[in-house]
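Chain IDs A, B, C and D follow the sequence of writing; residue 1 opens each chain.
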Amino acid sequence: MDIPKPPAPELDVTQWFNTATPLTLAGLRGKVVLLHAFQMLCPACVKLGIPQAQQVHEQFARQDVVVIGLHTVFEHHDAMQPVSLAAFIHEYRLSFPIGVDRPDGQRGIPMTMRAYDMRGTPTLILLDRQGRMRQHSFGHVPDLALGAAIGMLAAES
Amino acid sequence: MDIPKPPAPELDVTQWFNTATPLTLAGLRGKVVLLHAFQMLCPACVKLGIPQAQQVHEQFARQDVVVIGLHTVFEHHDAMQPVSLAAFIHEYRLSFPIGVDRPDGQRGIPMTMRAYDMRGTPTLILLDRQGRMRQHSFGHVPDLALGAAIGMLAAES
Amino acid sequence: MDIPKPPAPELDVTQWFNTATPLTLAGLRGKVVLLHAFQMLCPACVKLGIPQAQQVHEQFARQDVVVIGLHTVFEHHDAMQPVSLAAFIHEYRLSFPIGVDRPDGQRGIPMTMRAYDMRGTPTLILLDRQGRMRQHSFGHVPDLALGAAIGMLAAES
Amino acid sequence: MDIPKPPAPELDVTQWFNTATPLTLAGLRGKVVLLHAFQMLCPACVKLGIPQAQQVHEQFARQDVVVIGLHTVFEHHDAMQPVSLAAFIHEYRLSFPIGVDRPDGQRGIPMTMRAYDMRGTPTLILLDRQGRMRQHSFGHVPDLALGAAIGMLAAES
């Protein structure tokens, strides 16, 4: 018997950038979702992960693939408050929706990062059109591999 | 009424490298085929296209995706004879199968290049599992877009 | 008659990182000084200028060439306070001395940036062994050109 | 007593490209000379060394610094004959003078490469204004270090 896989955990976000209305994974059923978890002062995120997320956002049709950035601050909390994130988004000309992961109240790992059991940043998560987690990668995923993974998920009905 | 698309033209190759037996597109039905047409003295091929072809060759399972290089010499014929190509393949450590496109006898455009109506090098062609041409691109295709195209074709039964 | 060129303006810094004692240009007479003015949320600084400054710091003998970073915040002041800069320096593993340029009190251009009439970030300034300004460049200076400029200044007695 | 260092060995070249008249080191006294030894099918040369030589050629004033390419074929001799080198120079749009190092007649190490005791390609050699060898590097030299070396030699009278 094949037990159906449940949908991935919902996002827990305190503030959104680049979207007029808050996003939910439930509201994105039917599309492939790329969730890019980053910190604005994480060098590998700035150099590789964030430009890649922006490129996916620009390249794929929005009815097929949606990119969501998640600012998962788990260190240097004072240094990466939303006021700094806002300037970062402006200066790096990011246009995909970015949510601030809800702090846990004790300067530890924020709530969505915790729910997904992420190990650090950058983390890349792919959800299929049914909202199920299909890939969960810590560290950089090369463009060719990411493109193939998105293409295969987009081909699913 | 939907007229079925015919298979892409067969390869016309005089000499093979990196394969014990000559390859035919007919013999590769059931797999996605990436055909990378290049010249060993084409800078954009050396910098971008050939490393990308090698990467696809290494990354995807052979039962799903097959990479074929095609040396389509249409200029500087004396400079790019098979003896030079052999050294090039050795020095650049290329391991995917590479065929020499058959010269037309008049130092013009070789036969397979002509059959596919290629405009120059690098040219990237993708065939689906039925051997039909699904993409034909002159110039570099970014990794993300190529990965997505391969992923979508690989997802077809 | 040759009128001697005066020394470049002194630094006006409120806080130092990566140095136990405050630095002054006067105290560095006899060495070539590379002054790299940046903002931590300036993409071109992060991608090109700051890694280059770090590389110069690591490559040249300290008795010949000294690298000083200057954090010249002239926009997004709330986003780039010293607490954020400290985390940035830690995460990017910068080891050269970095000073915070003194704010002008009105959220405009800070004092050293003003004294040097800098147009923006990144700005690269080279001082010779007598403390005189010999190069003032807005935007990225390629490694080859920068190396040559430093080499020529280092060769002066 | 300081024994004066003799000039570096003279070039032994069978054919020149990109220069109307053959070059000699003796004829270039008074200038800094960058000698870049390469093979057209050496990947590190193509990717790093040759573009760097071209950049030095373009950037420095000709009365101060002269770049000379030397095609030192010591392997795959049939693959890298002058007819192939000519196409390579054309396709890569190289404009600095390039000489073909004289073969030794037994398909081994060519004559100038032998005289300089080079270990392979790429090799970078710097001569000062008196024609004396001041740097001899096997493998890539980063732009910053090369720029500094050239700058210091150019500063010598």
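Quick note on the criterion: a contact is a pair of C-beta atoms (placed from the backbone, for glycine too) under 8 Å apart; a residue touches a chain by one contact, two chains touch by 3 or more.
From a predicted model like this one, the values you see are computed outputs, not experimental measurements.
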Going by the stated contact rule, which chains contact subunit B and subunit C alike? A, D
By mean C-alpha coordinates, which chain is most distant from subunit D? A
Measuring centre to centre with CA averages, how many angstrom lie between subunit C and subunit D? 36
Please report how many Å separate the Cα centroid of subunit A from that of subunit D, as a whole number. 50
Among the residues of subunit D, which ones contact at least 2 other chains? none
Pairs of chains that touch, anyone? A-B, A-C, B-D, C-D
Can you name the residues of subunit B that touch subunit A in the complex? 52, 55-56, 59-60, 142-156
Interface with subunit C, subunit A side, in the complex: residues 41-43, 46-47, 76, 78-80, 83-84, 86-88, 90-92
